[in-house]
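The same chain A turns up in both complexes below, where it pairs with chain B and then with chain C.
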Partner chain A sequence: MRQLFSFTGGVKPASHKIESNRGVVIVAPLPNVLVVPLRQNAGLPSRPLVQAGDKVLKGQTIAGPGGSISVAIHAPTSGTVRGIETHAIPHPSGLLAPCVVIEADGEDRWIDRKPIDPYALPADELRARLRDAGVVGLGGAAFPSFVKTQHGPTQRIDTLIVNGAECEPFITCDDLLMRTQAGQILEGAAVLAHIAGAQRVVVGIEDNKPEAVAAMTAAAGKRSGLPVEVIAVPTRYPAGGEKQLIRVLTGIEVPFGKLPPDYGVQCFNVATAYATARALLHGEPMISRLVTVTGNVERPGNFEVRIGMPIADLVALAGPKADTDRNLMGGPMMGFALPTLDAPVVKATNCILAASKALFPPPGPEMPCIRCGACARACPMDLQPFEMYWFSRAKILGKAQEYHLFDCIECGCCAYVCPSRIPLVDYYRFAKSEIRAREKEKDAADVARLRYEFRLEREERDKQEKAAKLAAKAAETKARLAEAGDADDKKAMIAAAVARTQEQKAEENPSAE
Partner chain B sequence: MLEALLVMALGSVILGGALGYASVKFRVEGDPLVEKIDAILPQTQCGQCGFPGCKPYAEAIARGEADINCCPPGGEDGIHKLADLLGREFKPLSGEHGIEKPKSIAVIDEQTCIGCTLCIQACPVDAIVGAAKQMHTVIASQCTGCELCLAPCPVNCIAMVPIPETIDNWKWKYPVFDVRKAA
Partner chain C sequence: MPSNSPFLRQPASVQSVMLKVLVALLPGIAMYVWFFGWAVLIQISLASVTALAAEAAMLAARRKPVRHFLTDGSALVTAWLIALSLPSIVPWWLTVLAVLIAIVVAKHLYGGLGQNPFNPAMVAFAAMIVAYPQFMSQWPAAGATDLATQINAIFGQRQLDAMVMATPLDTLRTALHTSGLNATVESVLANKTTYGFLGGKGWELVALGYLIGGLWLVQQRVITWQIPAAFIVAFGGIAGLTHLIDSAQFAGAGFHLFSGGAMLGAFFIATDPVSASTTPRGKLIYAAGIALIDWVIRVYGAYPDGIAFSTLLMNICVPLIDKSTQPPVFGHKEKRP
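So, the complex of A and B:
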């Protein structure tokens, strides 16, 4: 039995998992129109490869990677591309962004799928395939997975952690996936371990999911070769945070500015491992995922949903109740309110949580901070939330950064325990995005300064070159004059120059003659 | 008495020598204050302050010849930073140098452009490409929004367009709550 460690802080909110984790995965019907955003992963958006009128097959690449940290995007079903339109996407701003809109033909015809034997191919080839299959981290950040399997010269990956903790209340999609697809998850994890060069796989699951632990343990028992351990970790939010789970399972504390591969570990979500297995062992790119629909709905549950399905259609399947006042994407701790249900399901959509006044009573008014320190005790990153709050609120951003604002994982534990009901995370998000915007502005100003200085330098150089040229010519004439010596030659040269000038004038202005 | 004078004289000679050596050895080229001021200025090179570029304005501030509230693109934020750096009192932006506007970039109407190259010569950061009698265009990512290209254009085909809010430049807003409701 592995010795488990503990992270500081954390909270134990009511889990609300029971509503949605009974029953089976329901396959959502195919919508008529699918809206596939070009920006679905952390990093750069994808580059579209189709245009209006193109016929596409299910699984066909419709957008290629738009940079080194970007992945491909695929048609979720067969049909016709209506165009690349600006459309609402699930984002807290409610702004529109370019999406590929596909009208489904209802046939749902697959492109030719090519399963491969990953153990016969070099790691670089497998990474390229992961990228081209559009596999991103499905735990929420949607970071391209192929990037995470790489490691620098001073790094190594010997333990691959599979994150099945799913600590956020209400969400059960990873739970259901582990119960129904345990074998495939471990196949995918083994492939990821092979790509990353890891020697063993450790699966961490919160102990409030006994069925998932049992299914994964049974599946691990059937495997041979790579050692796989399935560990139940104590239920405490946010045990599913990457750094927290690594700490609990290995005792390693990954400090600021370092990455898990610096300490020999790397962490993938269970759904990412499953998507890897589908992509490489079955040749099926990332076109669907499990989404929990829960909260204020008649029939909460888990749905297998195609990327691009309108969220409104998905919520309709669960029977929304009339008093729903907003819908969150993600859970109650880290999710954000969707400005519109027009937005489609994307790769990062793990849960749609319908909220009502009865389910989430509106918080009382915000009161002044009394410096009780409850937030500091709850912070799983060992930060000083109240200090960061003071400085973010006063817009003294440099000081907030000194208190390690960018270490904050925005888990919401501090706001959860705050007796003054201060929306602390809102202040941190504000401060973080303000700092990022200022850094961008500063970079732009530095570029402008360089370009301006270069221009001044160039103008100065041009001036000097011109002066040098004129001086050289004058010197040349002077030398010729000196050489000519007697007065007759000089006169002849002057006469020749006058004739040249007249000739030029005549050419320019023939009518004057 | 004499001893004391000699000791003091010797001391001043040694310390003077050390200071003289240090002033040669650790000499700072240029004025570091100018660099610090220049780092705060927005580098639009627009000349609205009355100086030909951000660096000359920074030099004038360092010499004490210019006020800190003459830079409209830097805005109130910039004035606050300059006030902090120089230990001066904050002043609101002086109206005679212009007003703070939303960040914009120049866009050339390519149908109207006659290819005169005047705007290319005016652009302080070489952000306009084109050649004589060829259509010109602005490199959006390099444009500082200084507006110096507007005046020279003989056909008025350049317009300043505010940068729209997109997913890329969207920022989380400052949390607001109603104080009166709380009371």
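So, the complex of A and C:
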């Protein structure tokens, strides 16, 4: 039995899992029009490869990686490209961004799927295939997975951690995936381990999901070869945070500024492992995912949804109640309110949570901080949130950084427990963005300053070179004079020089005659 | 609902924190009334009314939402602590003045709730003991609980001789400091009209009431264990050690902890979150500092008890203590920041 560690802090909000985790996975119907954003992964957006009028098949690449940290995007069904249009994407600001809009033909015809034997191919080839299959982290960050399987010369990956903790309240899509696809998740995890060169796989699942733990344990028992451990970890938010889960399972604390491979570990979400299996073992790129729709709806549950399906259509499947005042993407601790349901489901969409005043009562009015320290006791990063709040609010940003502002993972535990109901995380987001903006400004100023200094230097150098040339010429003249040994000669030379100058002037400006 | 994450909030409030503190004071208050009469309830009422009025006036003057802050309960906590710290038979105007100093000067002139560097109740207590030492040394005798006499003492002519006495701490200090009496701790404490099992008669049970209420606050997570534990260990340690060395001159741990303001200080005064240290190690240093300074004042100082002065002195040290005891951050544990 693996020795477990614990992280300090954390909170235990009501889990609200039971509303959505009892049923089976419902396959959402195919929408008539799919809106597939080009920016779906952390890093650079993808580069479109299709244009209006193109016929596409399900799984066909419609956008290629737009940089070294970017992946491909695929047609979620067969149909015709209507065009690349600016459309709302799921973003807290209601951002509009270019999307490939596809009119489905209803046939849902696949490309020629080519499963491969990953164990017969070199790691680089497999990484390229992961990238070209559009596999990104499905826990919410959508970071390109192929990048995470690489490691630098001073790094290594011994242990591959599969994150099935799903610590956010309300969300159950990983739970359902583990119950229904445990074998495929482990196949995918084994492939990821193979690519990363890991020696073992450890799956961490919060112990409030006994069915998932049982399914994954059973699947692990059927496997041979690579050692796979399935571990139930104590339920305490944010146990599913990457840093917290690594800490719980291995005792390693990955500080801000370091990456897990610096410590021999790497972490992937269960859904990412599943997507890897689909991509490499079945030749099916990342075109759908499980999404929990829950909260203030009549029929909460988990849906298998094509990327690009309008969120409004998805919510409609669950029967939204009349008093829903907002819809969140993600969970109640770290999700964000969607300004519009017009936006499509993207790879990062794990949950749509319909909110109402009854479900999330507005917090009482904000009070001043009384330094009670509840936030510090709840912080899973061992920070002093009230100090960071104080300095962020006063815009003493250097001090806020001294109190490790950038170690904050914005999990929301501090604001959850605050008796003064201060929206603490808002202050940290604000301070971080201010600091980043200032650093950007400073960088720009640095470049300008360097340019200016370089110019001064160049001008000074030119001046010196000119002076040196003149001095050399003067020395030469002097030497010649000394050779001649005649002072009258000097006068004659001056007279000649004056005459020459006048001549030149006359030439340049004849009208002055 | 909040506009940004987290959308979930625990149903905690400053008001509920303050109410729990008030509830935790009840066992001690009950003992106080049982042994020393109703006067303390009169003082608590007087202090509460004054505190709420002063709080409302200051909030209005500072153009803050009056109702919003008046109901947070913080002014009541300050008022109750002042009423429990002052002798219960001081004249009414002294209580009113003390509360005004706490609320107007020590709290609102520093910026209101959460902004005061000093414990407001202790600022008021210190001001009173400096300004009116004659009233601050007259405590009701145990059992002298006649309500009419007490009301008269508070609101009318003070003819107190029959009912006042010095506190047990004061009696001991005076006896030990007066040369020629050849008094020892043992001989003084043998007077069972003043002294009980551990501390002063009656007072020791009031202290027990505070201890019980305080432990409940720890259990309720309103306060953390560090401050009361460090206070009791440090106070008990220095008192016990000096008692071992010279039992004639130094009273023991039990006496000190169950006399004067020790228990009230350990659980209700030193734990004021606004003016106390906030880091786990800092809390230990802060509370131990209060205990040790208080012991020095009791044994060598001019006042029988020194919770107010020792708390204020350690309040000054809080920024330094906090800065030098920052706990290591996740992933940075090998090197302290």
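Throughout what follows, the second predicted complex is superposed on the first by the 444 of 513 C-alpha atoms of A that agree within 3 Å, B and C clash if a C-alpha of one lies under 4 Å from a C-alpha of the other, contacts with A are read in each partner's own complex, and residues count from 1 in each chain.
The rule is short, and it goes like this: contacts are C-beta pairs under 8 Å (C-beta built on N, C-alpha and C of every residue); 3 or more make two chains touch, one makes a residue touch a chain.
Note that the structure is predicted; figures quoted are calculated from it, not measured.
Novice: Could you say whether A:Pro423 touches chain B, chain C, both of them, or neither, answering first, second, both or neither?
Specialist: both
Novice: Just to be sure I read the superposition right, which of the two partners does A:Glu103 touch: chain B = first, chain C = second, or both, or neither?
Specialist: Once the two structures are laid over each other on A, A:Glu103 reaches no partner at all.
Novice: Scan A:Ser93 for contacts with chain B and chain C and give back first, second, both or neither.
Specialist: In the superposition, A:Ser93 touches chain B alone.
Novice: With both complexes superposed on chain A, which partner does A:Pro361 reach: first (chain B), second (chain C), both or neither?
Specialist: second
Novice: If we overlay the two complexes on their shared chain A, which of chain B and chain C does A:Leu328 touch? Say first, second, both or neither.
Specialist: The answer is second: A:Leu328 touches chain C but not chain B.
Novice: Between chain B (first) and chain C (second), which, if any, makes contact with A:Gly412: first, second, both or neither?
Specialist: In the superposed model, A:Gly412 contacts chain C only, not chain B.
Novice: With the two complexes superposed on chain A, say which partner A:Arg449 touches: chain B (first), chain C (second), both, or neither.
Specialist: First partner only, chain B.
Novice: Given the touch rule stated above, what does A:Lys432 touch, chain B (first), chain C (second), both, or neither?
Specialist: So A:Lys432 only meets chain B here.
Novice: Which of the two, chain B or chain C, is in touch with more residues of chain A?
Specialist: C
Novice: Would you mind listing the overlap between the chain B footprint and the chain C footprint on chain A?
Specialist: Chain A residues touching both partners: 92, 365, 367, 423, 426, 429.
Novice: Report the residues of chain B in contact with chain A in the complex, numbered from low to high.
Specialist: Residues 38, 41-45, 53-54, 124-127, 142, 144, 165-167, 169-175, 177-178, 181-182 of chain B touch chain A in their complex.
Novice: Could you please specify the touching residues of chain A with respect to chain C in the complex?
Specialist: Contacts found on chain A: 7, 11, 13, 92, 169, 243, 247, 253-256, 258, 325-326, 328, 330, 332-337, 355, 357, 360-365, 367-374, 376-377, 380-384, 386-387, 402-404, 407, 410, 412-413, 415-421, 423, 425-426, 429.
Novice: Using the touch definition up top, name the residues of chain A that touch chain B in the complex.
Specialist: It is residues 39, 89, 91-93, 95, 97, 365-367, 395, 423, 426-427, 429-430, 432-434, 437, 440-441, 444-449, 451-452, 454-455 of chain A that touch chain B.
Novice: Show me the residue ranges of chain C that touch chain A in the complex, using the header's touch definition.
Specialist: Against chain A, chain C makes touches at 1-10, 12-14, 16-17, 65, 68-69, 72, 74, 112-115, 224, 273-274, 276, 278-279, 326-333, 337.
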